[in-house]
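Worksheet for the structure shown next.
Per-chain numbering from 1; labels A, B and C assigned in written order.
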Amino acid sequence: MLLNEWLNTPAGSKTESGYPFAFLDQGAKKEIRRSILKAVAIPGYQVPYGSREMPIARGWGTGGIQITLSLIKQDDILKVIDQGCDGSVNAVNIKKFIQAVARVALTNDTVEATVIQTRHRIPEETMTSEQILVLQVPYPEALREVEASEAETRRMHAEADYSRMWLHLYEDIVNYGEITISYRYPVTINKRYIMDPSPIPRWDVPKLHMAETLFLFGAGREKRIYAIPPHTPVEPLEFEDHPFRVEDFSGKSCQRCGATDTFLDEVIDNEAGGRTYCCSDSGYCDKRSAIWNR
Amino acid sequence: MEPLIRVRGLSKRFGKGCEQCLNCTGPLYDTNLCPHCGSVVACNDVSFDLFRNEALGIVGESGSGKSTLVRLLNFEWEASGGTVELHRSALADTLPELFAEQSLYSRNLLGLTSFQKRQIRNALIGIVYQNPFLGLRMNISSGGNIAERLLGAGWRNIARMRERAAELLDKTEIPVERMDEPPRNFSGGMQQRVQIAKALSNNPLILFLDEVTTGLDLSVQARVLDLIRTLRSEYKLSLLVVSHDLGVINLLCQRTMVMKHGQVVEAGLTDQILQDPQHGYTQLLVASQL
Amino acid sequence: MITVENLSKEFTLHILESKKIQACRDVSFTVPKGGFLGLSGASGAGKSTVLKCIYRTYLPSSGAVWYESGAHGRINLAALSDREILDLRTREIGYVAQFLKVVPRISALDVVMEPILARNGVSRDEARRRGMELLERLQIPKHLFDAYPATFSGGEQQRINIAHAVSWRPRLLLLDEPTASLDRGSVAVVMDLLKELRQQGTTMIGIFHDTRLMNSVTDAVLPLC
């Protein structure tokens, strides 16, 4: 059967023999689950794993998908967002694929979901201990900015030899007056490893600290899995006299729902020539709009 | 007074090595190359003591093993054999696990993990190389180069680090206004002085100086050497000065070791080595001085 | 205070096919505390050699040098370790060579101040005052105090050399032709200085090219051959 036909088979039908539940075979699922367990046991440590061939290309979320497929159960409710948006092409395609191979229900509501897969954003509504957030990671190595060699970065992590990363931040402050990193802001996790929280904006970094939820990070192309278990300290790298700060949206609000406390996307009106702002988290924005009757 | 560092039987071999290596190389055989297995014996059974607040010179020509010795003591390379022990007073607070009860000296530092070696290096040692490209990051500001050691030691306040960097640059006679420029823009003498500032940033007990003035203009050399002398007496440092220039050794060091083909052929007071050299090679060196 | 017993020094020149040169042979003498011994003899007789063997710049080939140290009692200088010799050179034994060892970027005043600061535990101002006093006595012109001795005349350099050696009042002072490059007036000043040191208890052994001068200042003269 062609994949197209299989995708169009209505929900509830039996899965075609030859394709296991959630697409991955048992061996793959076990390996990924073991890697996840190891990652959870050593917060921030990048666990290498055998990244399987996926029906989409590398660089489009295969790492996140493999984690989701290894964990998902038929009674899970799945939400997939891309830059905060449920309706983006990539999010929709991934949702449809996972639904086809695992027959799970889908939702746009953060509160309702049990598993949320995301690219580059963490939902505004705080998640619970019953939920899992799976993040898609392009570059798992936080130190790549200062060191090109994989062997060397592994040694630096092993020996907690992070002075060069700190030096990079010092130089930023000397040259520009502040740390210029906007996404992929390096954090120290569990007071031991320096970790890349994936390309989420600074706004989302504080959500990782001492959270209730399990955060899992999958990099398919780079073949690494890492994790932040619940109640783990996650501290952005900062200096006493140059503390970490998030994006400043003062004076701005969402054009759709009026929120002043969410991460906003800037929208440029090409015709009228103006600039407006919209919540990046579209699901949350929809909810708020409904409440505020806008 | 007991020595600060005790080095016994330090050896470094490049190559697969065999039992004969140490016995078939050295000044008596006039070679570093083992005839049996082809390994290069860079350091062969080197032993010496370094005391607090003294400058020990190491003189030798290319291939003598003097620079290798410094790299081994700086934990850059793995030694093939020997022991290096530190006095309790230097390290018992930072790494108490290295000292057996009542023992004056640590265990062999060469057997430690890289993590422990790095801790020792950060706490106690500074090094200045002949080639500033080895000791500095050329695309980082000079202040940043100094700050790197502080950051490694856990400093997290930019203003305080810059204050300390400015202090050190001032001490090494570099205009503080140039703190944010990369050393790539500086002259050779200034680059050496940035290295010295960087080496001193963590208040080391020991400073390794590997041919630091070789290749510099005379007036620059005088300035750098004068600076080293002043800093040594001010901070009561122990210096290990490697040079092939007897004049530099004479200026800085009260005791000297002469190395040839990886071994120490003579050691003694600097004025005695220069005026009454005992070993044939030392006599040759002294006679060859301009 | 110091007794030299059968001191011999032979040089083996390996680069000249192990040619041997006898610098001095079987030298013995005693100098009481506060005494001043002169060494005389033809050029090459071994006078400098004896001084250098005592100071340990040369390693004696055989014999002993018994010295009454203030800190350690009666010790044989020929048998001490490097560190012990360095300690004595810092605290008890001084040496005036024929020429000043010029250190770049150190002014004349700094040269004289350095030994005072290093040993006598006085403040920088006090050391400076003493240093200036000493240089004045030795007739070094004031405008040269902050200049670098490398370009001074031989006589001026040597006077600074002597100031450097006497500024810290050693127990034993070895002098190797200290007045060779000085004019009569300077010689007189230097001799006065040395007399003062002797009165304060310094023992001395010296070589002078001017036999009359040597005879006039020393208590005894040992001829070497």
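Assume contacts are C-beta pairs under 8 Å (C-beta built on N, C-alpha and C of every residue); 3 or more make two chains touch, one makes a residue touch a chain.
These numbers were taken from a predicted model, which means no experiment stands behind them.
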| item | value |
| --- | --- |
| Longest centre-to-centre distance from chain B, chain (CA-based) | A |
| Chain whose Cα mean lies nearest the overall Cα mean | B |
| Geometric centre distance via CA averages, chain C-chain A, whole Å | 79 |
| Centre-to-centre distance between chain C and chain B (centres being mean Cα positions), rounded to whole Å | 33 |
| Mean-CA-position distance for chain B and chain A (Å) | 48 |
| Complex interface listing, chain B residues touching chain A | 114-115, 118, 137, 140-141, 143-144, 147-149, 151-152, 156-159, 161, 180 |
| Chain C residues touching chain B - in the complex, by the definition given at the top | 11-15, 52, 56-59, 82-83, 85-86, 103-106, 118 |
| Chain B contact footprint on chain A (complex, rising order) | 155, 159-161, 163-164, 166-167, 170-171, 173-175, 238-242 |
| Residues of chain B touching chain C in the complex | 1, 51, 54, 222-223, 225-226, 229, 233, 251, 254-255, 267-269, 271-272, 275-276, 278-280, 283-284, 287 |
